Amino acid sequence: MSIRAKELLVLGLIAVFSLIFYVGKVSGWKAVQFSTTVSIIVILLIVLSLVWILIKTIRGSLIERRIVFLYVGIAVALPLFMSLSQKIPISPEVKAVYDSIGELPAGSKVLVSFDYDPPSAPELQPMAEAFLYYCFVRDLKVIMIGLWPQGPQQANLAIEEVFEHEDIKPKNLKYGIDYVNLGYQAGNEFVIQRLGSDIKAMFPSDYRGKPYDEIPLVKNVKNFSNIDYCFNLSSGFVGTREWVQIAVDRFGVKLGAGNTAVQAPQMYPFMRAGQLIGLLGGMSGAAEFEYLTEWTGKGTKYMLSQSFAHMIVVAFIIIGNVAFFRSGRKSRLDR
Amino acid sequence: MQTIAGITILGRVAELTAQYETWLEVPVCRSMVMITAKEIVRESYSKVGRPDAFQEDQVYYLTDDQFGYAAAIDGKVVREKPATMFFMGEFFAESLILAETGNSIGAIQIAGTAAPAQLPFFIAACDFTLIGEELFAASAYLSKEPKLLGSIKGQDVGKSLILVAILVGIILETFDIWSFSTLFSVID
Amino acid sequence: MEHFALWIGGFLTLGIISFLYKDNPWYKLSEAIYVGISAGYWFVSLFWDNFYGKFWIGVFPPDRVNDAGELVSTGRPDYWLIIGGVLGLMMLMRLLPKIGWISRWALAFIVGATAGLWLINYFSSFIMVQIQNTVIPLFGENYGASSHVIVGNIVVAVGTFAGLVYFYFSKEHKGTFGATARVGIFFLMITFGASFGYTVMSRMSLLIGRIDFLFGDWLGMIK
Amino acid sequence: MRRAIPLLITGIVGAVFVVQYFVPHYPFNMMSNWFSDWFAIVGACAIVLGALNLMKISIQKVIKRRADWGYAAVIVASFLLITIIGLAEGGDFRDPGTKFDWLYKFVYTPLSSTMFALLAFFVASASYRAFRARNFEATLLLLAAFFVMLGRVPVGYTITEFMPVEYRLSDLASWIMSFPQAAGQRAIMIGIGLGIVSTSLRVILGIERTYLGGD
């Protein structure tokens, strides 16, 4: 069979595979979930194949980079089907967010600002879900806003996800009384500034267009002084830095934050200076917070993929060095 | 400023490609850079007496989008397999996509950027990398103009002052003689 | 409509990933769509946000109907913006070969202003602040630092010093000067390796997001 | 006329923008806002040139039936599709529900996030090829990447859980990031600062002219 034929065959398989599972999804198939034994068998197979590659490398036949690509794809995809859990060390900054929410009495008002867009969702959406779940479990009132155009949509996705949980369904939380989504407002840091004086002026209605005064939850919420806690999910400008400089420094708000892994290190100085109560950094922050709040979300599963992927990269660094030393020794022998 | 340094190096490279009749292509990601780059390459070709060899379409615009640009360049690199690739100027996350694809076809790759976050990727994937300040020094050095060479010397004088300041500062601060670091505080 | 959108997303995602195997028609099509759509996206965004949103509305502020239903003008026109409009026009003169050279005036303005702004910004944030952070008491405020912080401070001082020596151009790297420069390159290599290793996690997160779209949102195989 | 005046403009404008940093009074304090507005307007005009260039080259390719001309036609079609829709939809073209927003969400975002995600594969293949202990420097590069990578995932923590608190992999990784990595980064940044300051001075003083091109 020629390469061309093999390629077309693979294309056909991909098309059939996608069609079958798409029709399955539409007709309500349950998600595919490996049992623990299957997961361990899959891991063993991957490890064995890596050892086999190592042996091949020692024998002098080097692998090409597309094999590395294949392994990265496998290392990222398969853990999403697995139900394994890994021991996640809880960092102090994540524990600080958990404790600070734990101290709030029931009925306190929490303002959550969604300042990110879909490309940063893999890191920040799990944090949003875990945080909202934990707020509702503790019977807190949640006011959601967005300083990025797609923020409110991410908020609604998180609400849908959280409301399917069996701990939250019996509470049958009502829109406008237990939680509200005030939508997006342009203006970046000037929006934060106005929340300090008059929220209604900045958000005259919620994201469905319902006037501010007709929403029971926010009717007598004038500004930050009526808000007990703020939480900001951020992946760039406008984000946590502006919330600290304006909401915390000028209006003395209690602020927690969730940031992408690349941006989190820049927020540690605010943590050390006490301006930021706590910080969830990247996927590991999301997984730690999920572990603390016992919310089974994607963060923990994603962290499994992260661990697998990092192990694969480390394994190929080792294999690469074996190949290098072998070729070095071989050239010395040939001389 | 990084783009200006990159353009100066482009001028020098264009002179050599004109001399040795090697095909040169300059795909750009910003329209303003396209205008300047066209002028530079045209002038370099006429400087070495080959104005006829210059073609308008050697310098062309692709898209302002960072990854759209990377996708188009990757496609072209794999299809046309250039012998040498230059990455000079300001780069963001797309640096490794470009450099790794260039490496996969075996091209000689020379990079130069003053974006600290992208230097590790160019170091890992390119044959030669101008690290930060070296990009500006290279553009001055290639121009061979006395004044520009003088500015490299000026940068080194600046460096000497900074080295002395660090040494003296650390000693003063460590033994708590005088708070030297306040000299360098900056208003936002 | 939802189905169609998910299949388009799946098709384009797999089209881009197929490039890892080799250049193929599926990737070429996805690349062509991406170049066209992204160039158009920025063209439209810059038109509405910059040209219309800043220039047009700034110079000719449209009247607005306020809450009470009366026609109210939104404010004084900002005539300084006309300079921006003139510069933009000069840039467009590039289309007419005969007076195309006038676009250089606009370019000269942009380059001059950028040079002026960057000169100060980079001097303060890339030189002054960095020196201030380096010139710190090695043993901490009144000698209270823990051992690994002290070792850290010494490492930072030596590393910054040697790193700067490596960037010295006008003196041959020989003798003690050369040795210091060599220590400098050691530190640079640690910096590059550590930064590389640090970014692996965020690059993997992007791929996890796409795989989650393929197997989750599109094919519904994972919850 | 073609070079003298532009150099003069660059010099004056550059000097004024240096001075505005030190003089917080009108009109200087307004300068950087004005400049960012003018820069945005000029950028909006310049992209017209870029778009026309892209269209010219793609359409020529289609007319002359050069290799892969079909894909050039796709470039032209998709550019015109989103541009006409976007311009027709008026100022709030980004609002949820518009056709432009549909194209952004279901065509542009999958393409750009997947292109970005390719980095995960290239990071792995670059590590496999580049991190080899050829010499002492390369070994430092390798070890730094190795420890920071391992230190950032839970597996790295579990491997070295028995070690005392300060010496676990995650602590080692953050020590490397806070001290040696910061030192090298600082040296690079100071070097870049000096390079940019000297290039800016050269441009303002008219010594650096290459960006103006020929006569």
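All chains are identified by letter, namely A, B, C and D, in their written order; residue positions are counted from 1 within each chain.
Criterion: contacts are C-beta pairs under 8 Å (C-beta built on N, C-alpha and C of every residue); 3 or more make two chains touch, one makes a residue touch a chain.
Note that this is a predicted model, so its numbers are computed, not measured.
Chains that count as touching both chain B and chain D, per the definition above, are C. In this structure, the chain pairs A-C and C-D differ in their number of contacting C-beta pairs, and the larger number is found at C-D. Greatest Cα centroid separation from chain A: this falls to B. In terms of their C-alpha centroids, the spacing between chain A and chain B amounts to 35 Å.
Separation between the centroids of chain A and chain D, computed from CA atoms only, is 24 Å.
Chain D has its Cα centroid 4 Å from the Cα centroid of chain C. Contact with two or more other chains is made by residues 16, 19-20, 28, 30-31, 34-35, 37-39, 41-42, 46, 91, 94, 107, 110-111, 115, 118, 125, 127, 131, 134, 157, 160, 164, 167, 188, 191-193, 195-196, 199-201, 204, 206-207, 209 of chain C. Looking at chain B, residues 1, 4, 32, 35-36, 62-65, 67-68, 71, 79, 116, 119, 121, 123-124, 131-134, 137, 152, 155, 159, 162 sit in touch with two or more other chains. For chain D, the set of residues that touch two or more other chains comprises 42-43, 46-51, 54, 68, 105, 111-113, 115-116, 118-121, 123, 125, 127, 129, 131, 141-142, 145-146, 149, 152-153, 177, 185, 188-192, 194, 196-197, 199-201, 203, 211-213.
All chain pairs in contact, by the document's touch criterion: A-C, A-D, B-C, B-D, C-D. Interface residues of chain C facing chain B in the complex, by the touch rule stated above, are 16, 19, 22-23, 27-28, 30-31, 34-35, 37-39, 41-42, 46, 91, 94, 103, 107, 110-111, 114-115, 118, 124-125, 127-129, 131-132, 134-139, 142, 157, 160-161, 164-165, 167-171, 188, 191-193, 195-196, 199. Touching chain C in their complex are the following residues of chain A: 7, 14, 18, 21-22, 24-26, 29, 31-32, 66, 69, 72-73, 76-77, 80-81, 119, 121-123, 260-262, 282-284, 298, 302, 305-306, 309-310, 313.
The touching residues of chain B, counted against chain D in their complex, run 1-2, 4-5, 7-8, 11, 30-32, 34-36, 38-40, 42-43, 46, 57, 60-65, 67-68, 70-71, 79, 93, 96-97, 99-101, 103, 114, 116, 119, 121, 123-125, 131-137, 139-140, 143, 145, 147-148, 151-152, 154-155, 158-159, 162. Interface residues of chain C, counted against chain A in their complex, comprise 3, 6-7, 10, 14, 20-21, 24, 199-202, 204-209, 211-212, 215-216, 218-223. Contact residues of chain A toward chain D in the complex are 65, 68-69, 71-73, 76, 86-89, 118-119, 149, 153, 265, 284, 287, 303, 306-307, 309-314, 316-317, 319-321, 323-325.
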